[in-house]
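You will see two complexes here that share subunit A, one where it goes with subunit B and one where it goes with subunit C.
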Partner chain A sequence: MNFPSATLLAQSVLAGLFTGALYGLLGLGLSLSWGMLRQINLAHFALAFLGAYLTYELSSHRGIDPLLTLAVIVPLFFVLGVALHWVLTRFRVSPFNSLLVTFGITVIIEALLQWTWTADYRKLESSYAEHKLQIGPLFLPVPELITLVLGVGISLAVWFALRSTDLGKAMRAAAEDAPIAAAFGVNQNALALMLSGLNAALAGVAGVCIALAYTLSPSQIYAWIGVVFAAVMLGGLGRPLGPLIAGCVIGVTEAVTMTVTAPSWAPLVSFSLLMFVLLVRPGRVA
Partner chain B sequence: MKRAFLIVLAAGAGLAVVPWLGLPAFYESILYLVLHWIALATSWNLLSGYSGYFSFGHGAFFGIGMYTTATLATRFDIPFLWTLPAAAVVAALVGALLGAVAFRVQAVRAELFSLLTLAATFVVATIILNTPIDGGPGVYMSAVAVPQIGPTAAGTFYLLALCAAVLTVLAALAVYHSRFGTGLFAIHDDEDVAEVMGVPTYRYKLGAFALSSGLAGVVGGVHALFISYVTTGDTFTIAMPLTVVLMAVLGGTRHWAGPIVGATAITLLLYAFTGGDSAIIGKGLTGLVLIAVILFMPQGLLGQALKWWSARRDAPAAPAASAAPAHAEAPAASAHAAAPVAAASARPAANAGEVLLRAEGVRKSFKGVHALRGVSLEVRRGEILGLLGPNGSGKSTFINVASGHYAVTAGLIEFEGRRISGVPAHRIAQGGIARTYQIPRPFAHLTVLENVALPAMFGAAALDRQTAEAEAWQWLAFTGLTERAHALPADLNLHQRKFLEFARALASRPQVLMLDEVLSGLTPSEIDEAVALIRRIRDQGATIVFVEHVMRAVMALCDRIVVFNRGEVLAEGVPHDVMQRPEVVSAYLGQAMEERAPVAPASAHAVVPNAGKELAHA
Partner chain C sequence: MSIDRRSFVTAAAAVGALGTGALTGRAAFAQQPAGKPVRVGGTLALTGPLSATGLVHKLTGEIYVEQLNQRGGLLGRPVEWVLKDDQSKPDLARTLYEQLVTADKVDLLIGPYATGAILSAMGVAQRYNKTLVHHTFGIPSLAKYDQQFPAWSLGPDPEKSMPAMVLDMLATSPKPPKTIAIVTSKFPSVHFVALGVREVAKQRGIKEVLFLEWDFGNRDFGPIAGRVKEANPDFIWNGAIGLEGNQLLDAMKKIDYAPLHHFYHVPAPAPMLKAPEANGALATTIFEDHPPFTDNPTAAEFVKVYRERAAKAGMPDTAVETQAAASFSAWQIIEAAVVATKGLDDKAMAAWLRANKVDTIQGKLRFNERGNFGDDLGKVKQVQNGKWVVVWPKEWAAPGAKLQTRGVAS
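Then we have the complex of A and B:
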C-alpha cells in the first residue's frame, strides 16, 4: 500500500465524483421504476447501451453533435418505456418476474447490438473529448463534466417535480396506494405509463453520457449492473436524489481505493457496501 | 419415488456407455455441456425453485469449486479426483456461512436475496483475483493429469459430468420427496405460516443453500479441468447465474425434473446456433424464449405438460371420481369415533383445570405503538377461553405472540411450565400449540390435502408422510372438506378456506388450539356449523383459545373470557358476569349501558355488550 500525494488523491476524488454521477444517472430510472412501479428493470442497462450505440452511430457516421442526439433519443426511448410498461401490466407480471422478463429483453438487445455493431470495441471520437479544463493542478475532462452536470441537474429536476408539482404528487400517491389514489381521481395507469417512459428516457440520457466518456462493447452492459444496484439500494428506492448521492459516495470510495491499493480491489468496496446495506438496513430498501 | 430413482439410475447407466460407442469426440463435448448445465440448473433449483429464494450467486459457488480444484491440483499436486470432494465442501461451507448471515435477517427475501447473492459473487471474485489464489493472470491446469476413466480425455470429462448430473438429480429427487422438501415448498408459499406450523425454516433454508452450493462446487471442480484455464473474469459473471435461472424457469421450478428439461432445451438451442452470426441469433432466441415462457407459461414446460397430462387423465376418470373419496371414506368413517384428538382427551380429567399456558406481563411494541402493555393471563387445560375486546385491543397480537409469530418485547409466556417466549415458532408448534389465521393463509401451491398433511408432519404429532396423509383425510372429513381434497386453496370459498384453517390447526394434534376470528365473514348458518365443529373439538379434549366478535358464539362456547382493551386485560371471568361489568361495557361503547334498550335478539353479529345483556336477560 502506497500513500499518494494530495494532488493525486484530489484527482481521484474528482474522478470518483464523475463516475458517481453516471452511477446516479443510471440508477435514477432504475430506482424510480423499482420504488414506484414495482418493476426491477434489468433492461435499463441494455437500453442505456442502446442509447450509447445510437449516439455513436449518429455522431460518428452522420456527423451529428453527440448532445444533439438527445433530441432523437429521449422521445424514442420514452415510447420504448411506455411499451415496456404496457406489456408488463398487460400480463400482470410480478416484481420478481419483471426481473426475468427484462433480463430476456437485455439478452435480446445485447444480441441486437452485437449483430449491428459487432462485439468489437467502439469509441466515439467527439470534439468534447479533446478538451480538458484545468483548475490548479487538477484536470477536468469535458465529457465527464457534462455527465456530472446532467446527472445533478436531472436528479434535482426529478426531485423537485415529484415533490412539488401536482403531477409528481399524484405519481407518489399512486405509487403508495394505487386503488386509493384512483378513488381520488388519479389516473394511475396513465401516470405509470408516463413514469416508465421517463425512466427509459433517463436510460437514453445515461447512454449518451456513456458514449461520450467510455469505450463501448455489447458485453459491457453487464459490467454496470452490480455497482448501480448498489447505488440504488444505498440511496433508498424511489428517492430521486438517493442514487446520485449514493453513486458519488461509491464512486469516490472506489476511486480512492484504486489509488491507495490496486484498481482490481475497487469492486470489493461497492459490493461489500451493498451486502452491508441489505443485511443491516433491509428496511431501507424493501 | 422409488421408480423415479431407478429411472434416473438406469438413464445414468445407459448414458455411461456412450464413450465406448466410438462416436466423434464432438458428441461427447456437446453431451458434456448438456450434463454440465443439467447439474448446475438442478442444484440451483434445489434451493431456489423449491424454497423460492432465487439465488443469483450460483456462479460464486461454482467458481469457488473451480478455484478449489485448480488450487489443490496445481499448487499441492493433489490428484484431480480427490479435489472434487474438497470443492464441494468449500463451496458448501461458504454457502452455509452466507446463509447463516442472510437468513437471520427476516427482510432479506425475494429480490433482496437475489441481489445479496449477486453481490456476494463479486466480493468472492474480487478477493480471489487479488489474493494469491489467482493473483490476476488466472490458473493454468494444463499440467494436471486427466484421470483415465473413459477411453479418451473427452470421454472422461463426459463421464465426470454424467456422475455430477446423476448425483445432483438424485439429491434433488430425494429432497423433493422428503420432509425436507415438503418444508421447503411450504417456505416457498408462506414462510411465516410454515414456521408457525412447525417447519424449522432457518435450518431448512441453510441446509438447502449448503447442499445447492456444494453440488455447484463439484460441477465447478470438473469444469475447471475441462477448460483447463481458470480466470475470475470468465468464472464470476452475471450471465452464468441468469442462464441457470432461465433454464430452471423454462423447465419448471416446482418439479425436480424441470431444470433437466430446461437445461437440455437451452443448451441444444445454443448449440444449434454456434459460430459467428448464428450464435447471436441463438442468444436473441434464448431471450425471446425466456420472455415467452414467463408471460405465457409461468409454470414452465414441464409444469405445463404435467398440468395438461393430469387434466387429460382426470377427464375420463370423472365418472369414477368417487374412487378418491372412497379411499377417503375409510379413515373418515372412523374420524368421529376415534379421532386423533381423542388420544389427548384420554388425559385424566383430574388435571383438567391445571394451568396449561401462562402469560405474565407480556409487552409487544411495534416502533412505538404499544399493542400489548403488560398482559397477564392463564389458559387452563380443557377449557374454552374467549379473548374479547374492541378492534385494536391486542387480542390477535396476543395470539401472534403466543404462537411465536412475533417475539415478545418483554414479559414471559410459559407452556406446561416451560418458557416459550423467545423460542422459535416451529418449536412452539412442535410443543403442541396450533393456531389459525384470521385471514386464511393456506399454502397456495399445495392441494387442500397437502395443506392439512403438512402440520401433521411438522407439528406436535410429527408423523411421517404417509401417516400424515391418512391423518389429513380424517381432518378433512371432520371439517367436511373431503370432496375438495385435491383442489387448490384458491378454488375454495371463504367458508371452506376458514375450515381448511381449522383442519390444518387440528392436524398437528395440538394441546392448545388458538382460533383467530374463525367465524368472521361467515353466514349465520355457517356459524352454526362452525360452533358445532368447535364443540366437537372441545369434546375431544383440546384446550381452545378463541378470539371472536360474534357474541352468540362466544356466549355459547366459552367457559371463561378475558376482555382486552388498549393492550391490557380489562376484565376476566365467566362470560355472563364479565359482560355486565360497567368498565367492559364502556370499553366497547364509551358510555354506560343502563338506559339502553336491549337490541333485537335476531342479530347474529350484535355488538358485544348488547348480546351479553341479551343473553343475560334470557
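Then we have the complex of A and C:
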C-alpha cells in the first residue's frame, strides 16, 4: 500500500469537514427535536429534501439565486414545523409513536416529490458550483464552503441563543421540567411550537445546502438517516454544537479512512467509532 | 461481435419493413384483436431508488403493447399488460410474481429490470415452469434457469468481452493507455466486471496503478477523487452505477483534475450529459438513437414515438438508449416466440427461443450459451458536445463520430 501524500491527506480532511458540516446541519434540528421536544422526527430528512427540491425549482425555473431561496424556504418551513408539532401534540403522540408517524410523513413527502418532480435525477446548475478557492495545492469548492459556514454559523447562533437569551433559557427550562417552567410563567406550548418551527426551518437550510452540492432524487432521503442519527447520538441530544462536532469527526474519519485504506471500510470505521464512544462515554462526545 | 453492420441493416430493413408497416400504415388494415386478452404480467420499479429507470421501461412497454394491439395483438387476441410496482425491492418482486402466476393467472411473464429483481422473478418462474423474458440482467453466471431469456445482449462473459472491447478501442487512440485505475462500486453487477478488467489489463501489459472499491450508496467521493488524481492514470475504469459516475466526476472537478480516458459501467445517461466535466466520458451501450441504429424502420418509429411520449411525460432524457432498447427487445422476443409457436405454451416458447434467433432493434439475439446469453452486441459510446454518440466499433459509429481524447478526435 502506498501511503498518501500530505496534500491528499489534507484535501481528504477538508472533504470530511465539508461532509461533516452537512451531517451537523441536518442533525441540529433532529437533535433539538429529540432532546427538547421528545419527538424523534424522521420527517426532518424528508423536509430537508423538500427544501432541496424547492431550491432546485426556484433557482432552475424561476432564476432565483439559490441562497436567496432561503428567504422563502425558512419562513415556509417554520410554518410547516409549527403545523407538524400542533398535529403531534393535538393527537398526543408519544415519543416512540412520533418515530412511526414521522416515518409515515416521510413516505408521503417522498411520494409528493416523486409525483411533482418524477423519480429522475435533478441537478441544480448554479454559478456557485463553478467556483472554488485554492490555498496552495488545496481546493475549497464554494458550495461546500457555504455549507460549512452555514453549519458552523447556525450551530453557534443556536447554541448562543439557547444559552444566553431569555427565550433560549425558557426553552431549556421547559424541556427540563415543563410543570416547574410553567409555574414560572413559561408558555411551554408556544415555545414548543416555535422550536418545532425552528427545527423545520433548519431542515430547509440543510436542503438548500444539499441542492447546492448534490444531485437529487426522492429516494435519497433515506441515504442520510443512518449517519446523521449517529452524529446526533454522538453529539448528545438537545445540544446545538454536538451534531456539528460529531458530524465533522465522522466525516473526517470516513474521509481519512477512504484515503488510507479501501473506501468500503469507511462506514465500518465511523460506526465502530460510534460504538466505541458510546461505550467509553455513554450519551455523547460533544 | 458476431454480426456486422451490413448484415444487421439488411436484416433490420426486412424486419423494419414488416414492423413499421405494422406500426403505421398497416395498422389501419390490421384485423382488430378480439376475444379474451392475452395477459402478460410483470413488475417494474415504479417507486424507490431504481424508479427513474423503471419509468423508461414502463413507457417503452406501454408503447409496444399499444402498437402490438394496433396490429392485431397476439394470436388475434388483444394484449393486456398486468404491471405491478415492485418498489425497487427484490423481495417484493418475488411476492408479486407469485401473485401474477397464482392469483392473476397471467398467460405470460415479462421480467422486471435490474439484476436483483430479475433473480427474484426467475425463482418464481422456475417454480411454475413459466418462461421469463427479462430486460437488463447483469450477471450471466447467475442465470441458471433454462426457461429465462435475457433481452440485454451482454454475452455470456461480459467480464472478459466488455473490457476487451473498451481496451481495443483505446488502443486506437493517439494516447493508448499504459496505466489504469480501476475504481468500482461493490454492487454485484458492476463489481465482477471490474475484477475482469484487472485480468484483461494485466494480459495486455497495462499497469494497474490503483484499485478501489466502495459500498453502494457511498456519498463522499472526494477522497476517491484525490487518490485517482494522485495515481494519475491514463485510463479510469469506473465501475459506477447510476449517479456514482457523476459524483466521482464532480469530485474530480472540485480538485481540478480532468482524466484522460474515463469509462463508466452503468452511468445515469441524462445527468452525465448535462455535466460539462463529463465530455469525453465513455460507456457501453446496445443502442443509441442515431444512425445506423435508426436505419432500422422499427427502431426509427419507436425512437420517434418514445421521444414524443417521454417529452410529454416530462422526463428529462427523451433519448432511447440501452434500457429502453432492452425493454423493447424483451417484448419483441415474446412476440416472436408466440407467433412462431402459435400459442402460449411456456415450454414450447422456450424451446423455440433456444433454437432460433430473434430480430430486435439491437440486432439479432440468440439464446444458446451460458445463461441463455448469446452474442455480446455491446458498443462503446462517448459524450461529445452534450450528446451520447457511439464511437466503437467503427461501423456502428454515429455519422462523423470518432473517439475523442480531451476533445481531439482519434
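By definition in this document, the second predicted complex is superposed on the first by the 271 of 286 C-alpha atoms of A that agree within 3 Å, B and C clash if a C-alpha of one lies under 4 Å from a C-alpha of the other, contacts with A are read in each partner's own complex, and residues count from 1 in each chain.
Here, contacts are C-beta pairs under 8 Å (C-beta built on N, C-alpha and C of every residue); 3 or more make two chains touch, one makes a residue touch a chain.
Please read all numbers here as calculations on a predicted model, not as lab measurements.
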{"item": "Combined model on subunit A where subunit B meets subunit C, clash or fit", "value": "clash"}
{"item": "Touching partner for A:120 - first (subunit B), second (subunit C), both, neither", "value": "second"}
{"item": "Subunit B versus subunit C as contact partner of A:33, first or second or both or neither", "value": "neither"}
{"item": "Touched partner set for A:264, first subunit B, second subunit C, both or neither", "value": "both"}
{"item": "First (subunit B), second (subunit C), both or neither touched by A:147", "value": "neither"}
{"item": "Contacts of A:4 with subunit B and subunit C, given as first, second, both or neither", "value": "second"}
{"item": "Which superposed partner A:99 touches (first subunit B, second subunit C, both, neither)", "value": "first"}
{"item": "First (subunit B), second (subunit C), both or neither touched by A:199", "value": "neither"}
{"item": "Which superposed partner A:279 touches (first subunit B, second subunit C, both, neither)", "value": "first"}
{"item": "Touched partner set for A:230, first subunit B, second subunit C, both or neither", "value": "first"}
{"item": "Colliding region between subunit B and subunit C, picked from 22-30, 58-66, 94-102 or 202-210 after the shared-chain fit", "value": "94-102"}
{"item": "Overlap of the subunit B and subunit C footprints on subunit A, listed as residue numbers", "value": "111, 114, 262, 264, 266-267"}
{"item": "Residues of subunit C that touch subunit A when the two form their complex", "value": "47-49, 51-52, 54-55, 88, 186, 212-215, 217-220, 222-224, 226-227, 229-230, 243, 246-247, 251, 254-256, 268, 270-271, 274-275, 313-317"}
{"item": "Contacting residues of subunit B [partner subunit A, same complex]", "value": "54, 101-102, 105-108, 110-112, 114-116, 118-120, 122-123, 125-127, 129-130, 136, 237-239, 242, 245-246, 249, 277, 280-281, 283-284, 286-291, 294-295, 298"}
{"item": "Subunit A residues within the subunit B interface of the complex", "value": "40, 87, 91, 93, 95-97, 99-101, 103-108, 110-112, 114-115, 222, 225-226, 229-230, 233, 262, 264-268, 271-272, 274-275, 278-279, 282-283, 285-286"}
{"item": "In the complex with subunit C, residue positions of subunit A that touch it", "value": "4-5, 8, 11-12, 14-16, 18-19, 111, 114, 118-123, 125, 132, 134, 139, 141, 144, 215, 217, 219-220, 223-224, 251, 254-256, 258-259, 262-264, 266-267"}
